[in-house]
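Note that the chains take the letters A, B, C, D and E in the order they are written out, and that residue 1 is the start of every chain.
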Amino acid sequence: MNSTLLFWLPLAVVMVSALAGIGIFMAGEQRQGLRTMLNLFAAVAKLVLVGVMGLAVLGGEAPEFRMALLPGLDLVLRADALSMLFATLSAVLWLVTTVYAIAYLERGADRARFFGFFSLCVTATMGVAMAGNLLTFFIFYELLTLTTWPLVIHSGTRAAFAGARTYLVHTLGASAVFLVGMVWLYGLTGAQDFIAGGTLAALQLEYTLQLKVIFGLLVIGMGVKAALFPLHSWLPRAMVAPAPVSALLHAVAVVKAGAFGLVRVVEDIYGPELIAALGLGLPLVIIAGFTILYGSVLALYQRDIKKRLAYSTVSQVSYIALGIGIGGPIATIGGIVHLVHQGLMKIALFFCAGIYANLLGIKKIDQLDGVGRRMPWTSLCFSIGALGMIGLPPVAGFITKWYLGAGAVAVGMDWVIGILVASTLLNAAYFLPVLKRIWLHAPPAAWPADPTVSLLEVRGMVGAALVVAAMALGVGLFAGHPLSPLNWVTGIAAGYFP
Amino acid sequence: MSHAEVWVIAAAAVFGIGLYSLLIASHLLRQLIAIKVMGSAIFLVLVVAAGPIDGALDGLPKALVLTGIVIAISAIAFALALLVRLAEVTGSTSLEDEADDDR
Amino acid sequence: MIAEALAGLVFLPLLAACAVAVVPKRAVGVFVWSGLLPLPALLLPLTEAVWREGLVRLAVAGFASPLGIEWRVDALALVVLWLNALIAVFVGLYAARDYPPGSARGGRFWALWLLLTSAMNALLLSADLFNLFVTLELVTLAAIGLLVIDGKPAALRAAMRYLLLALLGSLFYLLGVALIYGQAGTLDLYQAGERLGPGLLPVTALVLMTMGLLVKSAIFPLHGWLPAAHGNAPGPVSAVLSAMVVKVSVYLIWRLWLWLAADWQPAWALPLLGLLGAGAILYGSVLAFLQVRLKMMVAYSTVAQLGYLMLLFPLLGPLGYSAASYHLLSHGLAKAAMFLAVSNILAVMGTDRLDRLAGADRRLPLDTLTLALAGVSILGLPPSGGFVSKWLMLQAAWAIDGWLWLAVILAGGLLAAAYLFRPLAVLCARPATAQAADDGSPPSATGLHWSGVVALLLALGALAAGLAPAPVLALLERGLPPGILP
Amino acid sequence: MNALEGLAALLLVAGSSFFLAGTVGLLRFPDALSRLHALTKADNVGLLLICSGLGVLAGSLQTAGMLLLVWLLAMLAATVSAHLIAGRALADDTPELPGEQDDTP
Amino acid sequence: MSLAIDLLIATGLVVLAWQALVGGSLFRGIVMFIVFGLTMALAWARLGSPDLAMAEAAIGAGVTGALLMIAYWRLRALGANRPAPRSPLRARVALGVGLLSAVLVAMIGLAAVGAIGPGGEAGQALAEALPATGLGNPITGVLVIFRNLDTLLEVAVLLAAYVASRAVMGDDKAALPLPPAQDAPLVGALVAVLAPLAVLVAIYLLKAGSQLPGGAFQAGAVLAAGGVLLMLAGRLHPAPLCGVGLRIALVAGTVVFSGVGLIMLALGQPLLAIPGTWAVYLIETAMMISIGATLVLLFAGSAGLTGTPRR
């Protein structure tokens, strides 16, 4: 792999969906065929490029794109093991979600605007994944906020704007806090790239208090998007967005960007030893643990399907924070690998919720009676996702919980197991009754809505849901396979705990 | 008291009267005259503060004042055209009555 | 070669303006574009020279500075010259739609437009205090002439108020020049700086000149005339007013404080100027949020953004200096794009009142996008030039532990978010009535019309400024004012 | 104090006294027409005396000629303007000068 | 003795300023302003600069006075309302501000005058460089040779003022109203004498400008005065369109000045260098024509001028 290719590859990966987005904007509303073609071509091209880059990373090389941005500060896009994990996840799920979205919005309005910002949003996610230093991360992190705002207000209703406003208030407020933290950090250390194991060890003695405050600021900055407890309230309100948006947004792009940021801060800036030395792990675990329980309890009370899934996301994402907060190789593996598992499972659930809403007009949980007979395949995917969430063995969720528990014991935080058990019970409490309704209850006389729907739409949406559910299952079953996310994360964690 | 002080005090007094009238006058024409009068006072200070009085006054500030006078008249001429047009269109000759004109 | 470039910058548009005033209507177009388009080309050799030597000097008419007038181009002047050239050409291209060179009103419009461009170039080049007064007057007259070209009553009243205040400002400036000439015996900005010491008189002169210029650049307490003037001006005129005319007097304030008074700056005044800026940011943003009309909102946003330029004084240092100059550049581009987009919306929708613009983005997709992109730069969010200047300013505030300035900059950003996302939300809203009326089939979206593209290009320029600031910042780094140690 | 300077001084004093008379007339007389009468008569003669006095002082014929030209021009302008003002005063048959009654602040 | 005269003129200035700006009717204010202008001309004469005296009298008092008068007449013809007088509170505040500014400027001025060293360095440089140019009058030297960029831009300012006033006018209107022509017999005779005299004086001022006080601006103002007189006497009428000849006259000053400057640059000389006295005369004539034409048009408030009477 010659060096010029290694230089331009990361930029190409990030930019391919941006070009598609601009193309879609230019194409305009009417040319639907061209738009779909552009969408699919860009998604496939990105997947191929990510694949090529993955091979390069496996081959030991580190493709890196560097551009002088500010005096002494560079825009760096680099493909290391961790960024490849998130980049691959995003690329795969983007392709699936595009197929799903095309089917879902067959009769919707303003599709050019939707898909344009949709691809820009993935560009931002890719940028977040590939960022090589905190400044680049911040640039794409903010770009993510800007590109997701139009998606949230897509339907243009009053509720959409209320949700969007809360979303903005939280994210822009957090960005101000994040900016202060970053400026403070750059004030102390100067321009530093992400280096596995952290770069601040030398400063520990001199600036202990300042490092702690900076850590707090950065966690708040990331915490909003990662929906940690006090900062999570925007997530349920942003459910007004159409299903593909809440699927990609709240299962993959926005929420994961926040969690990924937390991983970067803990692992690549502070480094596990410094976190342990400064005792910053414990507060993070406490917040994460509380969020897990808080999210699950609130999910119980939700009657709307998507709201329940939203609160479940709030609690699930905190597993990642929990994992890296506990520290130690095992728990960190559990935390990081949950990045992938939660993504797959949650997107499956959101796809199914979207199908129910779009095809049968079902929005509330008590309308789900007997839907298993009417739509067997969708309900199957929904069940796989739900079981995974609860943490039953064959599906991916189990592996995360197992590693988190083992990791906590290894480090001596036995009480964390209590949280894990409690959350599993709560998950079961809010998912099992739903499954019971779907499969065991008798279907109602007439479904709320039964619009005449083209076969293409049905096959597109259900197909996407099936693919994602299969992947969730496959990741769980073939965890031992060398290319599985689990082994991939074990390799990453090896970098942090030599 | 050499001559310079006389002129400076006169210029200061004229400047003060001009500013007072600018603030008090409600008719724009009066305000434009005030601006022109204040301008003359400033030119006076410019020439007097620059050179020795008994010897030949320094020629450069005089040229500047000449330029200043021509600029002053072009500004006042445009202001008067603007004032007449404003009076024609809105019927008012003062900035105070804020009839809300925008659509 | 450099002398020809400098002469071209001033005399080309000047002679073109004279030609436009003389030739019959059908030939006006040729002279307009031959006066405007070569400007960026003329700047290329100049940029190369400034990059090589850091400073280019030219004694006009061959007489050295105490007697004659001298032209000086350093990094800051070059950056603002580039902004002026870009605005003159791009907003000019936009204006060709509303005021075609062949029309009756077009002749007068383009004569004033060319005079304005030439006057601003002359001002940016000049290093002579009285020559700056003359060019400032020419800029003011040409700008107000453009402001009233449509003859709207509101524009006439705003123009009258602007003219009165501008003339008053010039008087104070002239009094300052009189004092400085009396003390230093020379009118050259840099020579006078060396000859004057931190006595009472030089400081008084500096304060007088600054007061005059503060009125002209509408900084916070003296900003009364700006919203009405920029809000009621025709589209392209409000763009050039906000992006350039107001900035030029702030540029002059910088020249006075950082070059003329480099070594005898009254230290007590720096935080005061900073407070003016902070007041402008907060007051302007709140007022912008309360506006009903889109153009007035953008005008108040100018009042707020000008506050950032005044924050240079408390944050004096290489970081603060390059931050403020970069802000001047990126705000110019972004604000021009925003005003053009707004005037497009005004032209198509017939009104710019927010309560009547619901769902306008369907008919004007391009202009809504421009408004959003320009808003990103005004807000200071990452991929834009605004972010680069905000980032540098935060670091500068950080270096001197300026907690107040840190808070003001962040608050400015958040308030800007408040007043910028509100119109965007309105534009993208789906009014209940329209929903039922056309059930999904959008009204005829005005396709890729020329003026929309020009506005978009300016907005993209503001964003590009965010991605490639390195060369400009390096250039600014080399031309630091004497008052600032690298 | 040779003869020429004596003569010039005499002429200048006479001229200024005529001006004084004209001004007193302007202030004292009741209506426009009588004021015009005072002004046109007294001031023109006064100007002639002063110009000739200066001409004598200046010594060179060319300057004297120029000064007389000044006087002629002043006379021409004075007569025409007096004629116009008188016409206007008669037309309005109002004692004061035109515009006096306008009270724009 | 000379101090007494200075004091007299200085107090005259202050009193006249007060008369012009405060109290009394607007018309009376304008008349007092013209007298103030003439007194200012006296002041410049006392300060030893006849050039400025002539300029102040011709432009400061003469043409500005005419513009004010015609504007006042037009406002009354349009029946513009009389604005309400300001509230007493504002009057007191204004008085305070006026007094404060007068005291401040006085202190600044006195300090400035007190701290004057020998004539400014620029003044000395001017004195040394003047003989080389062959000009006697230092002011014309400064205006046309040493600091000629100022003068060039100043003529451009006049052009801008004209174009801006035309822009304000809007295209629906041929010209602003003018008072009815004075057709009294005497006026015809006066105009027949004064108009050619004005041209003669203007040309004399121009020629004398290089050695003695005078120059393009004073000459231009005298020309303008002649034009205004012709217009008031009904010999010259505003026209809706600006003839080509008039247009060229308007831009002549700027174009000729820039042209000479750029040609010199092309020949390798520094930008705007003036080759010789012939160039000075060329530039001054062009500027005179421009200034005269612009001021007359600003007075007429119209696009152009024509000899034939209005329909």
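Heads up, the rule we're going with is that contacts are C-beta pairs under 8 Å (C-beta built on N, C-alpha and C of every residue); 3 or more make two chains touch, one makes a residue touch a chain.
For clarity, every value in this text was computed on a predicted model and none was experimentally measured.
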Neighbouring chains shared between chain C and chain E, ordered by label: B
Central chain (distance from its CA mean to the mean of all protein CA atoms): C
Per Cα centroids, the chain farthest from chain A: D
Chain-chain pair with the highest tally of contacting C-beta pairs: B-E
Whole-Å gap between the CA centroids of chain C and chain D: 57
Where chain B and chain C are represented by their mean Cα positions, the distance between them in whole Å: 27
Cα-centroid distance, chain B relative to chain D, in whole angstrom: 31
Geometric centre distance via CA averages, chain D-chain A, whole Å: 98
Multi-partner residues of chain D (each touching 2 or more other chains): 104-105
Residue numbers of chain E (touch at least two other chains): 26, 82-83, 85, 105, 112-113, 116, 119-120, 122-123, 126, 147, 150, 154, 157, 160-161, 164, 168, 170
Touching residues (chain side chain C, partner chain E) in the complex: 3-4, 6-7, 11, 14-15, 17-18, 21-22, 58-63, 66-69, 104-105, 108-109, 111-112, 115, 118-119, 122, 126, 128, 130-131, 134-135, 137-138, 141-142, 144-146, 148-149, 151, 156, 175, 178-179, 181-187, 200-201, 204, 208
Residue ranges of chain E touching chain C (in the complex, touch as defined): 105, 108, 111-113, 115-117, 119-123, 125-126, 129, 145-150, 153-154, 156-157, 159-161, 163-164, 166-168, 170-171, 244, 247-248, 250-251, 254-255, 258, 261-262, 265, 269-274
Parts of chain C lying in touch with chain A, wherever the complex brings them together: 359, 361-362, 365, 369, 376, 381-383, 387-388, 391-392, 394-395, 398-399, 406, 410, 413-414, 417, 421, 425, 428-430, 440, 442, 445, 447, 467, 469-470, 473-474, 477
Contact footprint of chain B on chain C as seen in their complex: 67, 130, 133-134, 137, 141, 144-145, 148, 151-154, 156-157, 159-161, 163-164, 167-168, 171, 174-175, 177-179, 181-182, 187, 231-232, 293, 351
Residues of chain A defined as touching chain C within the complex: 25, 28-29, 67-71, 75, 107, 109-110, 112-113, 138-143, 145-146, 149-150, 153, 155-157, 161, 164-165, 168, 172-173, 175-176, 179-180, 183-184, 186-187
